[in-house]
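Shared between the two complexes below is chain A, which pairs with chain B and chain C, respectively.
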Partner chain A sequence: MIASDRMGHGKYIDPFRGMPPTHTVGAGEKLVLEYVILPGESREVTLRIDLAGEGAEAEIRGLYLSGTDEKVRFDIVLQHRAPGCHSRQLFKGVAAGNADVRFEGKIVVAPGADGTEAFQESHNILLGETAQVETSPQLEIYADDVKCSHGATVGRLNEDELFYMRSRGIPEQEAKALQILSFLSPVIPGASSDIENAVRSLL
Partner chain B sequence: MNNVLLKISGLKAGIEGKEILRGIDLEISRGEIHAVMGPNGAGKSTLGAVLTGKPGYEVTGGSVVYDGHDLLAMAPEERSWAGLFLSFQYPVEIPGVTISSFLKTAVNAKRKAAGLEPMSAKEFLALQKEKMALVRMKPEFAKRDVNVGFSGGEKKRNEIFQMAMLSPTLSILDETDSGLDVDALKIVADGVNALHTPETSAIIITHYRKLLDYIRPDVVHVLKEGRIVATGGPELADVIENEGFDRF
Partner chain C sequence: MDRKEQDKIIAEATSSEYKEGFVTDVEQEFIPKGLSEDIIRLISRKKEEPEWLLEFRLDAFRKWQKMEMPTWAQLDMPTIDFQDIIYFAAPKKDKDRPKEIDPKLAETFDKLGIPLKEREVLAGVVAVDAVFDSVSVTTTFRKTLEEKGIIFCSFSEAVKEHPDLVRKYLATVVPASDNYFAALNSAVFSDGSFCYIPKGVRCPMELSSYFRINARGTGQFERTLIVADEGSYVSYMEGCTAPMRDEQQLHAAVVEIIVEKDADVKYSTVQNWYPGDAEGRGGILNLVTKRGLCRGSGSHLSWTQVETGSAITWKYPSTVLLGDHSSSEFYSVAVTNNFQQADTGTKMIHLGADTRSRIVSKGISAGRSQNSYRGLVRMGKGARNARNYSQCDSLLIGSRCGAHTFPVIRSFNPTATVEHEATTSKISEDQLYYCNQRGIGPEEAVGLIVNGYAREVLSRLPMEFAVEAQKLLQVSLEGSVG
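Moving on to the complex of A and B:
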């Protein structure tokens, strides 16, 4: 896991230089994006989000279930450019087989974007012995009165939970599926049967 | 039917290359309650872990025959289907999984292994309600995530509730008394006693005699440094209480 953190040291540079935003959110508007990446596809998600008007909001959720020979890339730059904007980003996924997952997420709070609230989380489970997840969250803050946090984890299934479930007669594969589905549920509450089946297909 | 339910012969086991059980012999007949008492580090919890198949433990010698099966060759879930149950010393929290869905999955996995249809929702709820009452758990608990935010006493009651739901043939209670006040101890003991039948057996692993005032064992063993160093009737627990484990 790679994590880096820059808290507004140095000079503000417009993160969209030479690459216009893919989404511009105006005053009082709300952008909601949801990504579900199921086994069977490699996918690259590139987002440049500009919270340009006062009080703009963004909510972005992403879920991936990635199997052998599949690649997933999230490349996200989200800028708070106006005062009082809120953003929430939650990404969770499972890398099975030799899946190759990279998550790059940058939040920039531009000068003058006071009263910003920005949260970003990326949590990942490594299921395969040779699966790889790299996550690199960055935070640049050039404004005052800002609430920001980011968190990133890469881990394996909890062995104690698995044994507890198995000791109650829940088969190993089912115990793993239950654990993964409960891990994913904050991203997509009430997971669909597509997601359930996809989880089982990775086990 | 063979009256011997569990036969442990010369069992040696350890973890990470360290031998903890150094040759255990233990035979339990149907209907019997055995207490295994011993000081910290004697191997009590290791015995429970090895019998239920906890990954990470390595068996280096001996055998365990349970109800005619080679127990050590079975996966943890297969042992559960065959009627083995461990009440954990430290019950595990499972965020995001409710007690109700957890137990429904467990009960139906056992039924499936026995070639039975899944239990209907109605039947399951009735069973759940009945068994929760046994350990005086409020019905709302079924909707909570497994052990998440439970007090020590609530976790142990939840263990006995699960035991009631799965109606095991051999229950292993690993320090179920630790961290319980007298009231909770009594609720847990009443639950265990209510579930006891002439066909079911139990191993009570404990450091103290207190629990044995409520659950009367037929046989008491003293486990020390990975071996059973004394076996006797309930009076052995009194000797331990008065004279400590140093005597053995």
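Moving on to the complex of A and C:
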């Protein structure tokens, strides 16, 4: 597992260990959280983030690679309480085997939090016949000067891409691994060998 | 534009009258207030129902008594005293369906723009079933439709004349115990429309039901059942209005649609119940269960709704895609103003292989209203290569309203693909400025932008409805510039 937490003043904490699930981000501060959940672990990630000061920012990224009987849960509530706050959330992952993945992410924009920009994405690939994914990105908005959007997808690997690579002599497993790595790359640019190995082990 | 000016325009808009808010002074017959097995027996007796239907009602009532009112919706729901409601009200006449329509009733529907006399209908394109409080007043064009084998009549008549059909399909899509309000409806439903399109028949005209609440202290519980047999087609429309009152009135309907192999049903609603006044007093509580079953392969069901009325809307027209290659669409525009609350959306349950669904939802909130989209897309184990695309947009007008989106996607099939997208924004200064610069006033500009925003949905409505819907949209939002 790799996880890091970078506040505006440069503090690193392991978010899975000893870190409170609640974060308050003050004026001008920026919170960056990264979650990586590798095969072999069941995880529950509960996060409560308050953008409490004017111009606070949050960037949260997560990826999961889950197989066998693993259970992965994301439960996130991100509140925009002050004007001019920006947040970005990006979650991507692959569910294989018997994995059971649930993502619930809520963005709340309080009255008066004008100039809010909040974006959330949850993209999932189902690989196993018995794997299941449930995703529920939610928006609760009580201010009008906002730009908010969320997107969610559940799907499979693109067959045309697979065919393209196979017709050029790339073995099926390798082609799929490349597809998954490119799918995940926006979350963690320059994926480490840990992640590459994890992807291969899932296939 | 500054806030003061905006507030002024919003205030002007909210004072615009609800033009369907009149009361018809007609002698009516009521049953006593309250809900009990005796009341249900009384309703059943009044409607001269067969024993099996009474049993169905009583069974539903017993289930309802054990259920609790759902609280999961994003709604501030008032407590409803179910003993304080009159469950049956009918215009006084010898029989349920007199030969001659009371001129006052005819006048009422005339005022609402619903033609009850066939010759008055423009080129005979729409057949209407008009429901006034608890009874259906008349159904037009029955003869013309009968020639094609199409059955279109009030639910009460269907029970008498086509009991086998009703019994075969009733509660097959929405079981009596489905949810709190469906159970209540199953126990006390009064009238509604029944429609059966036989094999291979293309219904030559639009079918339409018009629901009118008139009496004080009553609730309306209509039940609609549409069956489209193999290879048939029908376009069905539904409209509704109610008088302006301080009290809130309950409307709990159930709509069931069965679509057999290769059949195609298009269901359109323009919902314009009284929304309550600018302070949030009165209005209709619109708590409705609508569901279609695409039973046969290649069947198709399309929902289109324009929701502008009601104090509270709780409504999720859904489709169960059982047959392989079946498909469904949901197009919705929901407008809330003042203190209105809407929690509406859809469910697409994919069970068959190669099923397709598409959801386009446009929410517009103004004033102090709350507008939520709530949806579920479920890809079952058997939904091989199924596909769904959802687009849910919210438009905010004014800073005191709320817009919410609660979609859920569940996939159990690795070959299924689901995509969901949602955005929330307001009418931007730039857009308004652009219009103003070209000589289009702020009022008109908002109308233009909103209509453009909702166009994708409005263009799906049958022609007769599209015009009305566009006007409604304009009235509901008049002047609430953001």
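Going forward, the second predicted complex is superposed on the first by the 182 of 203 C-alpha atoms of A that agree within 3 Å, B and C clash if a C-alpha of one lies under 4 Å from a C-alpha of the other, contacts with A are read in each partner's own complex, and residues count from 1 in each chain.
Quick note on the criterion: a contact is a pair of C-beta atoms (placed from the backbone, for glycine too) under 8 Å apart; a residue touches a chain by one contact, two chains touch by 3 or more.
Note that this is a predicted model, so its numbers are computed, not measured.
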Review point. Given the superposition on chain A, are chain B and chain C in a clash or a fit?
Key: fit
Practice item. Could you tell me if A:Pro83 is touching chain B, chain C, both of them or neither one (first, second, both, neither)? Key: neither
Practice item. For A:Gly26, decide between first (touching chain B), second (touching chain C), both and neither. Key: neither
Practice item. Would you sort A:Gly97 into first (chain B), second (chain C), both or neither based on which partner it touches? Key: neither
Exercise for review: Would you check which partner chain A:Thr135 touches, where first means chain B only, second means chain C only, and both and neither mean what they say?
Suggested key: second
Practice item. Check whether A:Pro111 is in contact with chain B, with chain C, with both or with neither, and answer first, second, both or neither. Key: second
Practice item. Check whether chain B or chain C contacts more residues of chain A in the superposed model. Key: C
Point to revise | Partner chain in contact with A:Ile170 - chain B first, chain C second, else both or neither | key: first
Check your understanding: Which holds for A:Gly53: it touches chain B only (first), chain C only (second), both, or neither?
Key -> neither
Exercise for review: Tell me which partner A:Ser182 touches in the superposition: chain B (first), chain C (second), both or neither.
Suggested key: first
Exercise for review: Would you give the minimum C-alpha distance from chain B to chain C, in Å, for the three-chain superposition?
Suggested key: 13
Review point. Do chain B and chain C touch any of the same residues on chain A, and if so, which?
Key: none
Point to revise | Residues of chain A touching chain C in the complex | key: 111-112, 114, 124, 126-129, 131-156
Point to revise | Contact set on chain B toward chain A in their complex | key: 52-56, 75-77, 79-81, 85-86, 88, 91-97, 102-103, 105-107, 109-110, 113, 162, 166
Exercise for review: Would you mind writing out the residues of chain A in touch with chain B in their complex?
Suggested key: 159-161, 163-172, 174, 178-179, 181-183, 185
Practice item. Show which residues of chain C lie in contact with chain A when the two form their complex. Key: 74, 379, 394, 396-426, 482
